[in-house]
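One structure coming up, written as C-alpha cells, with questions to follow.
Going in written order, the chains are labelled A, B, C and D, and every chain counts its residues from 1.
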C-alpha cells in the first residue's frame, strides 16, 4: 500500500474510533509513566502566614453554615480541592462562643489541635474536650459539630480524605436538622472506654472499621515519644509512632494513618521515597525537610505537603531540642490495594544534594 | 461596621488566602454533595461498532511497541483515560502471527476472551492458552506478553484499574528488554497447581495479594452457572457469581472483582444503586439494563459503563434463552476503605420508569 | 539445722501441701519433657481384618440407636476412646436398607467413602449421595443421619475430633426427635452452590467456621492429583493436597485438616516430625510408612495412627503404580494455638534406619 | 437364630474387635454426653492457707533446679497436674536474694504479682521489674528466669496452659546452660516500646502470636477500672476488661485470655455458663462466687477453679468497697476451634439458688 493511502486509512480509522469515544493504546502510552508523576508539588504553608490570616479571619468570615476552615490547595493541582492527590489539610478556627453546626459526610476527618484548651468536638452525641496536641477523630459518616465555650479562639489542623472520596465517587454529605446533635453520652466517653493501653472492655461487641477511640491525648503521645526516645527508631523517620485502632492494632482509620515522629537533637534521617502522600505539621522545634532536592526550613505550626514518590528526608537543626512532626498519610489505601512501594535513596550515602530552597 | 467596609475586609481577606493557595470551606461547600455525582455517565459501546472497527484495525494500526487495544473513554470524563472513574475497559485484537511485546505495570489487568481459540498470554514466564469465555489475569507488576500463533485473529476485553492507579499516584511501567519473556514454566502451570475447587497444594507457601490462579476457564464458569441456575440468586443480579482467589476465598484481585451473572429467561431484577462502578460485557443473550431511567438494549459483545451510585436493573428479554453478563467492578476498593454503600430502589415496586432509550 | 530435722520439716511441709491439693513443681518436673512423649503409639489396622469383621458385623450388631461403627483404640492410650490424642478413626458399615438415626454433636466429623455407591449422609435437611473416594463433612453441631437405599453394604472411614473435644470439656450431644431430619433442601445442594473452583455465589452472606461445601467428590480429587503429578511436591509428603474451605481458602474444618497425597512410582519421601497427630487410610497402591524406625507395610484400606512428634516417611513400593493416602490431621489446632513445630530428619540423608517391622 | 446363638455370635464378635483394639460405638455412647461433664470440680484455695504454707516453704524447700511453686491440683482430676482441664494455677515464692534458673517451655506462662516490689522476671535477655498487680508474660518458648534482689520475699500467681499442651502432645522443655540468660536489652524495654495505649512503633515489623508487651502495669489496669466504673459493663461479669495484644487488639496469648474485673459495691451479677474454664484470684475486696449452686465466699488472695460449663455468678458483699478479680481463661482456644458456647441462666431471675457452701 502506498504511504499516502496508508496514512489516509489511519486517519479515517482514528477519526472513527475517536468519534465513538475510543482511543488507541498507542496514543496513550505516555500516560503509562515509568514511575508516578504527581501533579501535586512539594509545598509549605508557614505558620506566620496563618497568624496573619487568623488575626483577621474572625472579622472577615462569620461562622455560618460552614466551618471557618482554610483549605490548603496544592499549587500543582489546577485548583482541585486537594493538598495532595488524596488528602486535604486545612486550618480551622473557632472564636470564643462560636459553634460549628452539625453535619456528617463520607470523608473521614481528623483534628490535631494547635491552639486553645477547652473547646470540644461532639461526635454522635458525645462531647470530646480538646487541648493542644490532642488528636480527635470524626470517622466517616458520624454526626459531628464543634463548639468553643472558652474565652479564647481555638485553632486546629483538619485532615480529610476528600480528594480520595471524590475520585472514588463516594461523596455523601448531610446537614443535621439542628445546629447541634443532642448529647446522648457522657463527655469523653470513648476515651474512658477505649483509651487504655492494653485493656479492652468485654461488653463492647462491635468492631467498627474506624477506631472507636475518638481522642488520643497529648500526654500519652508525649509520654510514648519520651519512652521510646532512646530506641534506634526508623532510619527514615526517627522515632515514628503510628496511632492505632485499639481493637485491631492497625491504622486507626481505613483511609489514613496518623503519625507522630520525633527527631532527636541533630538527627538527620536517611532519604527514601514511597507511594502514598502526606501532610505534615510541625508540633515542636526547628528543622528542615528536603523533598526532591528542595529544602523546606520549618518551625512550629508550618504545614508541608509531600507528594507520592517524592524523595524526602528530615533533619532537626537544633543541637539540644527535640523536633516533633505530626502527619497524616494515605498508607492504608496503598497497602490494602497492593500499590505500596518504598525505596531507600541509594546515592550520596542516602542523603540528597540540596539544589533549591523553598521561599514560600 | 458599615456593610461597605465589611465587604472590603472580606475582599481583602479572600485575596490574601487565594494568593497563598488557600480557599475557604465556605467557598467549596458545593463539592460536598448529598450523594455521589460522577462525571462518568452510563454509556454503551455496541459490538457491531467493534466489528466495523476491528475489520480495518489490522490494516490501520500495525502492532508496534504497544497493543492494538481500543480504550473506551467515558464521554462524561473530559478526555480522561477512563471508562468509569476507576476502571478502563478496552477491546484488544491480535492478528494471526502477531505478538504484543513484554512489559509490566502497577495497574492490574484482566482479559476476558471474546473471539479466537489458541492465542496465549504469557505471565512471568508461563504461557496461558485462551479460548472464548476464559478469564485471564495479569496481576500488578507481573511481566506479560501476548502471542497469537493461530491462523485467525483473536479478540478480548481488557479490564484495568488505570484511573484508580493514576489517581493514587502509583503508576509504574516498564518495558522488558526483549519482545518476550523467556519461558520458565510449563504452559498453564497455574491452572494445574491452583485450579482445583477444593484442594490446595501444600508445598506452595506464598500467598500473594492477587490470585496465583491466572486462568479461570469457561467450562468451569459455565458449569457453575448451570449448577446454580435454580437457586434463588440475588434479587438485583440474578445468578451472580464472583470469581475468587483460591487461597483466600476473597476477590481475585486487590482492586477489582470479576463477576459472571446469568439472567434466566424473562428474569427482570430489582433495581438498586451502590457506590462503586462497573464495566459489563454481554457474553450471551439479549436483554436490557436500565440505568438512571435510561434503557440500554444489549446483545452479545456490547460493553456498558455503569457509574457509581447509578440506579440499575437488568432484564433478559428472551422467554427461552439465558442471558449472561461478565463484569469488572471496583467493589474491593470501596469495601476495604469503608466507603461501600448500597440501597435498594424503593419506588414503583423496585423497578425504574424508563424515561429514555440509549441510541449510541 | 540437723539433716534429720530438715527432713522432718520437709516431710511435714509436703504432707500439708498434698493434703490441700497442691504439689511442688520440684515434684513434677519430669512431666516437663524435652519433647512430646505421646502415650499414643504408631499402629496399623489392616483392611483384611476389617473384611473379616465386617462380614459378621451385620449379624452380630443390629443397627439400633447408634451407628455400626468400629472405633479404633490406640493400644497405648489405656482404653481411652482415641486413635491419637486428638482424633478418632472408625470404620462404619450400613447394610442395604438401613438408616442410622439423626443426631448432632459438638465433635466435628468427616466420612471418607471406602465401598459402595449411592448411600447418603443427610446434613441439616440435605441429602448428600456418596461414592468411593468422596469426602463428606458433618460440621460441628449439624443434625445428620445416614441411609443406604442400595442393595449392597456401604463402608466408610469416620474421622472425628472426639478426644480433643472431650479434653476441652466441650462435648454436647443430642438425639433428634425422629429417625431422620425432614428434607428441606435439594440433594447435594451444597455442592451445586459451593463446589466450583473459583466462583462463589454472591447471594450467600454467611461464612461459617466450617466449610459450607459438604462433599468433595472423588473425580475432582483424582483430577487434581493427576494435574499436579509432575510438580515437585513436598519432600516429606509427595503430591500432598489439602482440602480447603471455599470461602477462606484455609482448612475446611476448624479442628481438622483433610489431606490427599500421591506417592509416585518408587517415590520415597524424606523423613520429618512435627507436632500434631494423624490418621491415614490407604486409598490405592502398596507401600510402606516408617514411623520412629518401625516399618508399616500397607495396602488398600489399611489405617495407620501417627502420633505427634514421631519421625515418619512414606514410600511407594511399586515401580509402575501410584499410591494414594488420605488422612486427617489436627494441624489447624496446633497452628492456631502457636504450638506447631516441624523438624526435618537430619541423619542418614534424611531417611530412617528400619529397626522393626510392624506385624499387627 | 436362637437367642443363645445370637448372643454367642455377639460375644465372639466383640471379643474379636476388642482383641484388635476396636470398640463399637454402641459400647461408648455414654461418653457422648448431652453437655460437658468435666472431671474438674469447682474448688477454692484460701489465701490464709498459702500464708501458713509460704511461712515455712523457704525452709522446707530450697530453691534448686526448679521453682518454689505450689501447683494447684483440682481434686476431681485424679492427680493430674491441672487446676482445670486446660489451665494450671500455682503460687510461687522467691526469697530475698534467690534466683530461679533459666529455662524455656512450649507452655505459655503468665505471672500476676501478689506481694513484693522489685523482683524481676527476665525474658529473652530483658529484665522486667514487678510490683503487686502487675501482669507479666513469658510467651511460649521464650527463655526466662526470675530473681529477687530485694530484702523481702516476693509472691505471685503463675498461670500456665500445661494440661492443654500435654493433651496436644506438644510439650517441649529446655534448661538454659547457665543460671541466667545474659542481659541483651534494657530493663522493661517491651513496656517502653509497646506499652502505649494507641501508638505503635513503626520500626517494629514482627507481629508475634503472643503479645510483644511483656508487662501490663497495675497503675494502668487500676486506672482503666476506675475510668470504666460507671459503664453498664457485662451483666455476667461487671466491669470486665480483657488484657490485649497491642498489635492485634485480640487476646494477648494464643491460648489464654487474662482478665481483670471489678464488682462494684453490692453488685451481684447474673449467672451464666460457657464452655471454657478459668482460674480466678481475688485482688481486692470480699465477696462470693456461686458455682453450680455452691457458694464460695472469698477475700483477697483466694484462688478459685471454675470448670467448663459450670453455672456461675459473682457478688460483691460490701456496700462501700469495690471487689476486684483477676483471672486466666482458655477462651481463645474454644473460640478458634469453634467450640465456644454460652448460655444465660434463665431460671429464678437469672440467679442460682444456693444449695451448699464451700468449706475448703
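Everything that follows uses one rule, which is that a contact is a pair of C-beta atoms (placed from the backbone, for glycine too) under 8 Å apart; a residue touches a chain by one contact, two chains touch by 3 or more.
Since we're looking at a predicted model, the values are computed, not measured.
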| item | value |
| --- | --- |
| Partner chains that chain C and chain D have in common | none |
| Repeat of the C-D interface, chosen from B-C, A-B or A-D (over half of contact pairs identical by residue number) | A-B |
| Chain centre separation in whole Å, for chain D relative to chain B (CA means) | 53 |
| Whole-Å separation of chain centres (CA-atom averages), chain B against chain C | 44 |
| Multi-partner residues of chain C (each touching 2 or more other chains) | none |
| Chain A-touching residues of chain D, taken from the complex the two chains share | 186, 191-193, 195-203, 213, 216, 220-221, 223-224, 227-228, 230-234, 237, 239-249, 252, 259-260 |
| In the complex, chain C residues that touch chain D | 1, 6, 9-10, 12-14, 16-17, 20-26, 28-29, 31-38, 40, 43, 45, 49, 52-53, 56-57, 59-61, 64-75, 81, 85-86, 90, 105-106, 108, 140, 162, 164-174, 209-210, 254-255, 275-277, 307-309, 330, 333-334, 336-339, 341 |
